[in-house]
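By written order: A, B, C and D. Residues from 1 in each chain.
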Amino acid sequence: MEPYIYRHRVRYRECDPMGVAYHAHYLDWFEAARTEMVRTLGLPYRQLEALGIFMPVVAATVRYHRPAYYDDLLEIHVRIPEPPRARIRFAYLVFREGETEALASGEVVLCFLDRNRLRPIPAPEIVRQLWAHYATDPR
Amino acid sequence: MEPYIYRHRVRYRECDPMGVAYHAHYLDWFEAARTEMVRTLGLPYRQLEALGIFMPVVAATVRYHRPAYYDDLLEIHVRIPEPPRARIRFAYLVFREGETEALASGEVVLCFLDRNRLRPIPAPEIVRQLWAHYATDPR
Amino acid sequence: MEPYIYRHRVRYRECDPMGVAYHAHYLDWFEAARTEMVRTLGLPYRQLEALGIFMPVVAATVRYHRPAYYDDLLEIHVRIPEPPRARIRFAYLVFREGETEALASGEVVLCFLDRNRLRPIPAPEIVRQLWAHYATDPR
Amino acid sequence: MEPYIYRHRVRYRECDPMGVAYHAHYLDWFEAARTEMVRTLGLPYRQLEALGIFMPVVAATVRYHRPAYYDDLLEIHVRIPEPPRARIRFAYLVFREGETEALASGEVVLCFLDRNRLRPIPAPEIVRQLWAHYATDPR
């Protein structure tokens, strides 16, 4: 299925004395990318929390192949490779606009917590439907 | 009365392509400085929230005189110039360790919200006592 | 003259335990807003640095009137009220989309440094032309 | 060999609407921890850059086991498990003060760039000596 593509302009505050985007900010972009991806599937994350479903991050990995520079326009490609079960995994590729070789790749795994944020629960039905929809008709 | 002095080492992630600390981070340091100041007065801010008192920032100003560089050890001097009423004002000076000319100065003003975070309230008694204690015995 | 309007979606990482956007991030949005405003005037800031002109922030002020919440779509209005001389001042208003009462207001003042980033210089001719263009035909 | 222990107080700005430390900030703390570790070994990273040696991050992983809360005092344990070669790997464990079960674990891998930041180079002699020193006398 096709990835969702989120665009981000690298900001001055995100660049370090080497003149390149600081590595921790890729996780910020990943959050923005999956938020907007999920919104296009018809389910703002804000609505999930209103339903009492919280999704903390349980693991994150980034591999940095080549630097991103100040003011670069990036395309963050995000996919949900497998149907969500106890966890949901988002897979990422970061490209500089117009390039075909990824600057970075990564993944972020989240779980599901109940209303009291204490007990992990399986992927709620609404999230599984969202994925099924995405898998068959990826906007 | 004497200022409380909070020390901070400038981090790589805080520096920009000019090689100097990015201006927005001074507000982060100001938060850390006032948190630790208030703790030494016997009142962790966490405890205030547990009591149902929330303190959002209503105004912030920073004037940047000279840059701070990567790995500089900074001394953030913080004072509460006046007794808190509807608002509490923290005044800041930022020095590079061992220097006498400030790199930056600023102030942050906070108000007090009730438990539901909807209605502003006057400075709670516990906060006014804290200030009185600070004004007479600044430790 | 008309303000330039920059849109920003409030991210989870930008919100604090009170559930509202943390105050320091407004300065991040202000940077993004002025960068995009200046780009529309035909002068990416990246190009200024390539010409040896650096623009550090010398003062910043924000007044917070009402909170911004997670996932709010904000409109940051930015203007350059006066022609740049030794300094250039950007004035900001922050609105929640569709609202007419500002959530916050602020200003950021920058100066100009020469190639070696040591000596302040007056506003370069290219920056003054940009402002003249903006003042007469603000697109 | 013993880990170096870096202490960090969780700040308000680092916590999200779930009331816990936002996941991306662990990478910030990892940077601070390795910077201070390397300083105690007699080699500030700032000095490395002055020698023309730059060390970008090439990979980072964090696993989040349990949340860290606002104002928690954390102990970040950092080790360099193997002698640096083309890359240097830092391994991390994050504890809440006084606890024995880690809140999070992770690793960050960096490489070495020459003065022009274009070509990867093997670990410089000064870095390998540092590691040898650490391996035999970890202070």
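Here are a few things to note about the model shown:
We take it that a residue touches a chain if its C-beta (ideal position, glycine included) is under 8 Å from a C-beta of that chain, and two chains touch if they have at least 3 such contacts.
Computed from a predicted model, the values in this text were never measured in an experiment.
With respect to subunit D, maximal separation of chain centres occurs for C (centres as means of Cα atoms). More inter-chain C-beta contacts link the pair A-D than the other of A-D and C-D.
For this pair, subunit B with subunit D, the centres built from the Cα atoms lie 28 Å apart.
Taking the mean of the C-alpha atoms as each chain's centre, subunit C and subunit D sit 34 Å apart. Separating the CA-averaged centres of subunit A and subunit D is a span of 24 Å.
Contact of a single residue of subunit B with at least two other chains is seen at positions 12-13, 17, 24, 28, 31, 70. Across the interface of their complex, subunit B is touched by residues 9, 11-13, 28, 31-32, 35-36, 44-46, 70-71 of subunit D.
Of all the residues in subunit A, the ones that touch subunit B in their complex are 12-13, 15-17, 19, 22, 24, 70. For subunit D in complex with subunit A, the residues that touch the partner chain are 17-18, 20, 23-25, 27-28, 31, 49, 54, 56-64, 67, 117.
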